[in-house]
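Take a look at the structures listed below.
Each of the next two complexes has chain A plus one more chain, namely chain B in the first and chain C in the second.
So, the complex of A and B:
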């Protein structure tokens, strides 16, 4: 098992994908850096309030007031509701679909090692990768907030954000075996990315509905809030976690079944 | 009993069948490979060679039948069998971001082999020494094939299964791969199962061949037996094959002959009467443009067999019959 995990990490050596995924997080933090001062400007806020659009309610609710709590939350909301789902999906597609895309699956599947071990090893690498991206997101959002000169720094705001980030990352991670199943089933990157895009849209559509705490792709937004609706952060109920774990188990089981029972001609 | 048939059977397929929806890729394939043999699995493109190999390696599931390798039924997670098998299916895939050495060492680590000497050994055997620090993505087709072979050989398998190993290689690359295979067979006594559509290639390395056509195994034969069976013939190239056949039959009493394409007529008897036959044709006003005594080789045998099978299939289609067997 350890040999498989070590090999999975070695496969990333000199691969550009870790760098690209880090760049996406950087761009997301950079966008916050560019947009938040505009939204925080009192004149702009008056304009937004007058327009009565999507952001009017958010401005009225004070979601874009320049505080550490608000700014860190906006960064986390981006990860939970948009770029996080897509980037984690991309990383999953790469880890699980790469061998099929590059013709190395037949070598991997004819190793004298149980195929389930390969799946577990990939899931371990995926966990480390998405966790690293989550932490990087917090760090970069903090840096952006500091650069903007937002006052009122508090460790409790930072630690609260780290806690929410870890929970949101864990919730999103639970959905990734299903993405991986699409990568193995479709033997590449297209199917898992289309699936990720679809579930991101579903998650966003359900954000202000009663189903919100029970839809796996919506749970992170339910937890951290969505300032653009606006929806305030709400704690998840225990059943939410049961659903999230169940989705992980179903996804992992589908993945194991696929790799053991379906044809793998690639 | 011939020596080969006394040896242990190491690969066996029983009623192996694979259908992809309506396409019958492989149909009731029964083949056996014995220890130490170099088995050439011959067939045209699309005959079912790769599908058979993929079923052997449990990459795809048979619709019916099964494969046994070294006494173990092949299925995903047939770990014990895979420990003793090396394989390369079509174009080998690699981790292009890793160097040649890293690719081989990763395979060694995954196989739980501790000695680094094993890496050096396959590197030397496959002549990869000067490419070790090159990224696998930048290798030529020939070197990729060598790397694939190196990875398949690193754990010193008892059985090597190769699907079209010389595909896309230049003549020098083909000779190199052939040399390695001969060496593995003669020095290590490795059993090699090799698919190809290149007859001359198979003829030079195989000790036994199986011919597959439209998913069915038409014949399994030892190369020595094939040589014995190869028939010597007189070939006349004539202006009118129909009339020439009549002359040979009616005037010379020849019964064993066959008309081939491009005005060629092969006679399988009366080799000591070649001058007489030639004269009879000319005296009957038939132009004899060429005349030679020759021997059938694997290519003739293959064409005859697969051509015959095709004619039978057409006849079967015409008569609406199904489920024939040779």
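So, the complex of A and C:
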């Protein structure tokens, strides 16, 4: 098992994907903050408040003011509700789909080693990769906020954001075995990417609904809120984590079944 | 040329991709449903026309660049992925024909998704029972979506080039994701008029309810986007002409 994990990491040795995925995070995390100065404009806030309800409440609560807490939160919201789902989906599609696209599936599927080992090893690599991207996102958001000269820095806000980032990353990770299943089923990258794009939109549609804390693709947004609706952060309930783990287990089981029954392509 | 075009359409005969991309477009309006459901009904009445205005918004800021980029990646990357590149490069036909044929298929595909998105947006608005349905709102939505689609389509020759150089789907997908993020960020920063990948957001405003208006496009913006299309096409054609058959 350890040799399989080492092999999976070695496969990334000359791969540019870790660098490219880091670049996506750099662009997305850094530039997503550009929205706050726009929203901080009093004229914009008046327009937003006109819709009443949660919009007026968000303006009154100072959710659009350029502060460290708001910047960190907006950065994390971008990961939780948009680019995180797509980028983590792309990384998953790459790890599981490249065996087919690079002609290595026939080797992987015919080695005298349990196929489940390859899946577990890939899931371990995926966990390390998405965790690194999550941490990178926090670091880049902090750097961008500091460069913009935003006031009100506090370590408690940073630590709170790191905690939320870890939770959001864990929740998104729980959904990735299903993306991997699409990659193995579709023998490539397109199906898992389309699936990721679809669930990103469905997840966003369920914000502030009773289903919000129980739909895995919406849970990160439920936890950290979404400035573009706006929706305030809300705590998850224990059942949310049970559902997230159940989705992971079902996805992993489907993935194992798929790989166990897969034929070696020519 | 026409035979190359016909061949490109025939390649899609048993492909699942048109169906999958259509499914994404059909699902997309649920984002608008979620968004308008948050508005306080006592303060603001969301009309059928308001809902329709969010159709182009969805394409511009949520899925257009990534989905259309994925379609371009599929059309231009599958020749290598499915092992048909060697036939394409060795047929006694001008290689430009294939590029032009693929770009035409891409244009029709994007236009089809666009029409479907208008229909889906209208269907959701009707199902929600929103007041004020009118053909004028549909026309406004179609006009805005056309502008958004043209602006995104003009950037797709570069995705095609990346797909051909990268010989597959990963490179164009990464490229599309980066340009989508860059486009959104720079539009929010107010550069939508001058950065081609942000221009669709100048048409629709940045995704919020209500949308935050962005600087409108000027004649130079259209000249810039035309330059992006022409340079991307020229680069892709040059690459295709000089590419070696490596399979």
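The criterion applied here is as follows: the second predicted complex is superposed on the first by the 240 of 266 C-alpha atoms of A that agree within 3 Å, B and C clash if a C-alpha of one lies under 4 Å from a C-alpha of the other, contacts with A are read in each partner's own complex, and residues count from 1 in each chain.
As a convention for this text, contacts are C-beta pairs under 8 Å (C-beta built on N, C-alpha and C of every residue); 3 or more make two chains touch, one makes a residue touch a chain.
Model, not experiment: these values are computed from the prediction.
**Q** Which chain, chain B or chain C, ends up touching more residues of chain A in the combined arrangement?
**A** The larger set of chain A residues in touch belongs to C.
**Q** Classify the contacts of A:112 with the two partner chains as first (chain B alone), second (chain C alone), both, or neither.
**A** First partner only, chain B.
**Q** Touch test for A:205: chain B only (first), chain C only (second), both, or neither?
**A** second
**Q** After lining up the shared chain so the two structures overlap, which partner does A:39 touch, if you call chain B first and chain C second: first, second, both or neither?
**A** A:39 sits against chain C, while chain B stays out of touch.
**Q** Please indicate which partner A:30 is in contact with in the superposed arrangement: first for chain B, second for chain C, both, or neither.
**A** second
**Q** Quick check: in the complex, which residue numbers of chain C touch chain A?
**A** Checking each residue of chain C against chain A gives 17, 20-21, 23-24, 27-28, 30-31, 33-35, 37-40, 42-44, 62-63, 66-67, 70, 73-74, 81, 168-170, 173-174, 177-178, 181-182, 184-186, 188-190, 206-210, 212.
**Q** With touch defined as at the start, can you tell me which chain A residues reach chain B in the complex?
**A** It comes out as residues 3-4, 6-7, 10-11, 13-16, 99, 102-107, 109-116, 259-261, 263-265.
**Q** State the interface residues of chain A toward chain C in the complex, per the touch definition above.
**A** On the chain A side, the touching residues are 17, 20-21, 23-24, 27-28, 30-35, 37-39, 44, 47-48, 50-56, 82-83, 86-87, 90, 94, 98, 101, 188-191, 193-194, 197-198, 201-202, 204-209, 228-229, 231.
**Q** Considering only the defined contacts, which chain B positions touch chain A in the complex?
**A** 54, 57-61, 76-77, 79-83, 85, 87, 89, 91-98, 102, 106-107, 109-112, 135, 151
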